[in-house]
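Two complexes are shown next, each including subunit A; its partner changes from subunit B in the first to subunit C in the second.
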Partner chain A sequence: MFKHIFNYQFKTLVRSKEMWFWSLIFPLVLATFFNLAFSNMSSGTSFSSVNIAVVNNEEFQQENHFKELIEQLSQDNDDKIFNVKYIDEKEAQDLLKNNEISGYIIVQDNINLVFKNVGFNQTIVKSVVDSYYQTMSVMKNVYKHNPEAIKDGVLELLGEKHNFLKDTSNNDVDVMVSYFYALIAMVCLYGANFSVFMVSQSEANLSKKGARTSVAPTHKFKVIAASLLIALIIHYLEVLLLLAYLTFVLGINFGNQIIPILILTFFGCIAGSTLGIIVSYTNRKKEEVKIAITMSIIMFLSFLSGLMIFNIKYLVAQHVPILGYINPATMISDALYSLYYYETYEQFIFNVVSLIIFSVIMIIISYMFMRRKKYDSI
Partner chain B sequence: MKNVIEVKKITKKYGEFKALDNLQFNVEEGEIVGLLGPNGSGKSTSINCMLSLLKFDKGSIKIFDKEMTPESYETKSKIGVIFQDVAVFEELKVYENIDYFCGLYIKDKHVREEYVEEAIKLVGLNEFKNHLPKQLSGGLLRRLNIACGIAHKPSLIFLDEPTVAVDPQSRNNILEGIKKLNKSGATIIYTTHYMEEVEQLCDRILIIDKGKIIANGTKEELKGIIDIAEKVTVEFEELEKDYIDKIKKQRNVLDIDSKNNTFKISYKKGKNNLVNLINFLSDEKIKYNKIYSELPTLNDVFLELTGKELRD
Partner chain C sequence: MTVFKNYLKIVKQFIPTMLIYIVIFSVFAVLASSSNQESTDFAMTKPNIAIINNDSETVFINTILYYLDENSNIIEIENDINKIKDALYYNEINFFLEIPENFTRDFMKGNEPQIKTKKIPNSYSSIYMEMLLNRMLNISKVYAKAGMTEEQIQVSIKEDLTQESDVIMIDSNAPSKIRQISTFYNFTNYTFLALSVSIVAMVMHAFTSLKIKRRNYISSTSIKNINSQLFMGNFIVISLIWLIFAVIAFAMYGKDIFSTQGILFLINSFIFCITTLSIGFLLGITIRSKEAINGIINIVALGSSFLAGAFVPQELLGDFVLSIARVLPSYWFIVNNNIIADLSVMSFNNLQPIIFNIFILVGYTILFFVLTNVITKLRQKSI
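Showing the complex of A and B:
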């Protein structure tokens, strides 16, 4: 019986043109457009230094390491990132107002950045300052717990500044890869559409096919389990096709982390499926309306994870961090990011476990609705 | 004959609205029972309760002598259902759709193949086996819907308005198919608001209104419970004002419904009503274009019992 349902649900899915379009064709087209856009961007910019101003106040003069860093980054060599003007705050405001600089840095209690708008140049300035903070924080920690180690460490860190600056100047790559991470996250969540499709045709109060299935002498869970299993398998295969396309056709480098990526996307697909299950069970609209609701939710979650605007992800992390922890799209894109940039698996494992917890919660809530055998109305 | 279905005092409420109100009836083995009533009278609700899809507030339902629950898999295996709306997979071909639903009942692949072929033959879809549902006309789609519900050879079949929006040819085909199923031993519950179908098909008719059975019997029995025994229609050449009063005074006349130059005269039981009327018109030198007599319909039964028409 399970095999019978499994086989026929396989046929219904592979013959559903809408499913193929949304879960495979659309992402492939989107990936191709991303690739075209980013390759134009990188060739078009081939990196020209960013015009900024630094407010030359007493606090800045006292922030020696930062001052040294800015000077280093504005030296006329291959690593030059900034064209810096050291001026007072009023002048900086005027230059910003006239669009002569991308932003200015003012050191008061902290290092503050002032921008008129958000864009590629501003992201570079922010990344430099963030990286500086990160480095200083590490140094302070090491000094506090192991002062001996810092003797040479400070010098080493400063000595490695050249590499550090090089990494910073590579932020255009960060942005590009991050968009693809968000895209992969979105496609994983597209599994929700498969679930909506499958659940709708298994429940009597959701469709006439569901009613016909419910009057048959077959346990409802068997029908739903077989349907969701084949949906998950097909969807996962589509995600693998997308990964292959990104890697082999578009030449996107995801690092040498194929097994963790396969694990991550598998759990991402499960999270997507469970999202669809809960949408199916928590409202009684038509299947088309449910698909529209699901798509809206996925697009919103993907937006928050930086699919449309890269900086949104950081704004969310800064102002509403809880959203990042409950958003499966962010969990997937963060895990991919951590695989590429970090040498440890801590962040990756945290994100995978978060995805599993998210899926379990979705299933528990759905089960409350799923176990209903008779309906108040159909 | 033993009872296949026993429905005892079922009440189903939606808030304050009673969709079923102490509904009670039995269906005997081998019968074709018509559940006749206007839209919203509770026909589909009662079927869904019998199938254990819908919760009900009071009462009990036994099918094949067993309390019907969602886990009554043995009972369910003997039941076939054809819902009002077409319920098939758009992505599966005709044969595959029937095979899928049949497979939820019949595990043996070879037996299933045989059953599916028989169902296709019964509903006349031989030429369309490899067509997708979207390639079928409305009537053919309805036939596919029926085949999906009966391919596993159920001994009790529920048909919920299977001929809605179907062309006359397909309708006849469907009704013939139902008769064949009944001849092969299946008990059939047939809901509709088309009285002609019920008269043509059913051994017994249950008239339902506002969730209650208001009449139960053969079509002859039902027509016997109302006062009207005959209806005569007369189309006059010219209509005079006093015609109504004159005709009303005739023997056995119950009521006259006049429209333009036409009278529909209802008679209670009695002999020679039509002959008496013709004689009267001749004596009075009243000229008419046509005159004919009809027996009362189920709509008349429904009208007399409820004060409204079946298709209101």
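Showing the complex of A and C:
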């Protein structure tokens, strides 16, 4: 009997093309957009030269070393940092007001920087000028301590920029990959829509098919179980397609952890399905309202797990850590992250177990609502 | 106005659903605008770092610690690699460094021992920290070469650090919260799109079922007239949504909303709301299945928000992406927000690009509305 219901529910789902087609296409398109948007970011923030102006007054002409430095940094080569205009103060003010330059430098008793706002470009300007000051100070100190050393070429060392730091962050996890983690988490939870759809197909008050099924002398639990199993299988296949697309077409590197990722996404899909079940059974609204509730919940959970803005996840972890522990989207994205980030599986197993606990709780609550439902004549 | 009245009746049925959407999306917008503040300026909040020192407490190590303490917040942490990774993962620290044994001895000898670091990838503050620390060590190396002792290096380094350029800020009379307001409105690109497309499409769906359509088309009212009345109905709903978000903005940013820039943000967002309405209208009329709508809303709202820079600032997106994004109305809305945020002098010259972008948005709105009419006209024949 189970097999019979299973077959027919399978046909029901496969024939509602729009249901599975859109839930398949949507993540693929979104992943492509993500890839497009971040293709530039992951290769390091592209640096373009900063537009600045230098007030060309007498004081500036006298600061020979500084003049040289600015000229050197604005030469047309790969290391070009500044696009410099040498103009008078009035012009510089106008350019700054119209946002044509990030700031201007005016040499008076001291070297002054004039900015309108502070940002990345201004930090670069300030950092260059500060390093000039510090270099001058170093020269003075060395001269005071040991004038001979200058002859020995000690100061030439200043030009050398030796790297004393060795980055041992074990993997180059970039922000881009975390957006994909959040995307996978969201798609797993999307399974909720399948559940809502399948439950509507088997509930008497929601669809004609449901009314027809309810009349049959089949145990209700069997019908629901078969429908949800089908929904889970189809949805999991879609997630697998997404993973394949991400890995083989877009070339996103998830580390060589295929088996754990498959296990994780499977439990992620189950968590998604159970989320849909609970929404279906805890209210008696129409299918549209149920879908609206489901979508809002999924988007909210995804938002908290950093889908739109990555920092949100940190904020949650810092201020309301409990939200991170009960949010299935965070569990999934955390587990994916941990596979890449940690050498051990502790965090991963913790997250998978959390997903299972989450699903079990959802099912228990739904079951309490599901029982003893009777319909009046409809 | 029968259609219009009927529209409002249907809207009433959807009020609970609409409320769910509105509440959720306002929470998004509020959280997003108050979270997205990894500042990139030099007045930034100091990064949190953790240090493990395996060398003995030499004068030179103290100099390094002094220097780091000046430029960052040093967080005490257990010497356990997993604890450190967790701290980095949860952003409790931005940067971690481990000073190796005999660092001072090797360094003073003129060798080049290395400090092991761990950092949060792509974090601006950790890159800044690296730069500062390297600069300090390079200077110390010069001093060591010149024959200074550890104590002398300490004195000199402290002296060098006081050498800084003076920064003069002009034009600080701009309302202080403008940046936050622009982040808020950039994020609403997602909110408005998702909200209006879902709500408009949801309500419009009621008018696209075959029987209703047949009933409507047989009446003496023209399709254009019907569509205009529907547009009016949608317009009222969208204006309400816009108003809700204007009130939220006011609650968060106070009177800054009524500054010239604030008003410009409001105008810009209102125009964009109408554009999203026309998008929702078009989708609601053309797409027949409920299931498809949800997928499409997400592609339109999330996709265009990512491509046009609603979440990730436009400066960080590549030129290639931005050139593609130009076909999206969102791009022009966000560009306008950014221009408004930078606006300091009100003059016709400065306002010109803003007006130009608004015209583009209006153009899109007309285009979508015309498309809607054309499609309904074409579909009419197939009934």
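One rule holds for everything that comes next: the second predicted complex is superposed on the first by the 234 of 378 C-alpha atoms of A that agree within 3 Å, B and C clash if a C-alpha of one lies under 4 Å from a C-alpha of the other, contacts with A are read in each partner's own complex, and residues count from 1 in each chain.
The definition used in the following text is that a contact is a pair of C-beta atoms (placed from the backbone, for glycine too) under 8 Å apart; a residue touches a chain by one contact, two chains touch by 3 or more.
Keep in mind that this is a model prediction, so the values were computed, not measured.
Look at A:Ala204: by the touch rule set out above, it reaches subunit B but stays clear of subunit C.
For subunit A, the partner with contacts to more residues, out of subunit B and subunit C, is C. In the superposition on chain A, contact of A:Ser16 is made with both subunit B and subunit C. By the touch criterion stated above, A:Tyr8 is placed in contact with subunit B alone, subunit C being left untouched. By the touch criterion defined above, A:Ala216 lies against subunit B but remains apart from subunit C after alignment on the C-alpha atoms of chain A.
Using the contact criterion defined above for the overlaid structures, shared-chain residue A:Tyr341 touches subunit C, although it does not reach subunit B. The intersection of subunit A residues touching subunit B with those touching subunit C, taken from the two complexes, comprises 16. Per the touch definition, subunit A reaches subunit B in the complex via residues 1, 4-5, 8, 11-13, 15-16, 201, 204, 207-209, 211-219, 223, 373-378.
In the complex of the two chains, the subunit B residues touching subunit A come out as 14, 48, 51-55, 70-71, 73-74, 76-77, 79, 81, 83, 85-89, 91-92, 96, 99-101, 103-105, 107, 148-149.
For subunit C in complex with subunit A, the touching residues are 16-17, 20-21, 24, 27-28, 31-32, 35-36, 38, 40-43, 82, 85, 88-92, 97, 112-119, 121-122, 124, 128, 130-131, 133-135, 137-139, 141-143, 145-148, 152, 156, 159-161, 163-171, 187, 190, 194, 198, 202, 289-292, 294-296, 298-299, 302-303, 305-307, 311-312, 315-321, 324, 342, 344-345, 350. Residues 16, 18-19, 21-23, 25-26, 29-30, 33-34, 36-41, 45-46, 93, 96-99, 110-120, 122-123, 126-127, 129-131, 133-134, 136-138, 141-142, 145-146, 149, 154-155, 157-158, 160-169, 172-175, 193, 197, 285, 287-289, 291-293, 295-296, 299-300, 303, 308-309, 311-312, 314-315, 317-318, 337, 341-342, 344 of subunit A are the ones touching subunit C in the complex.
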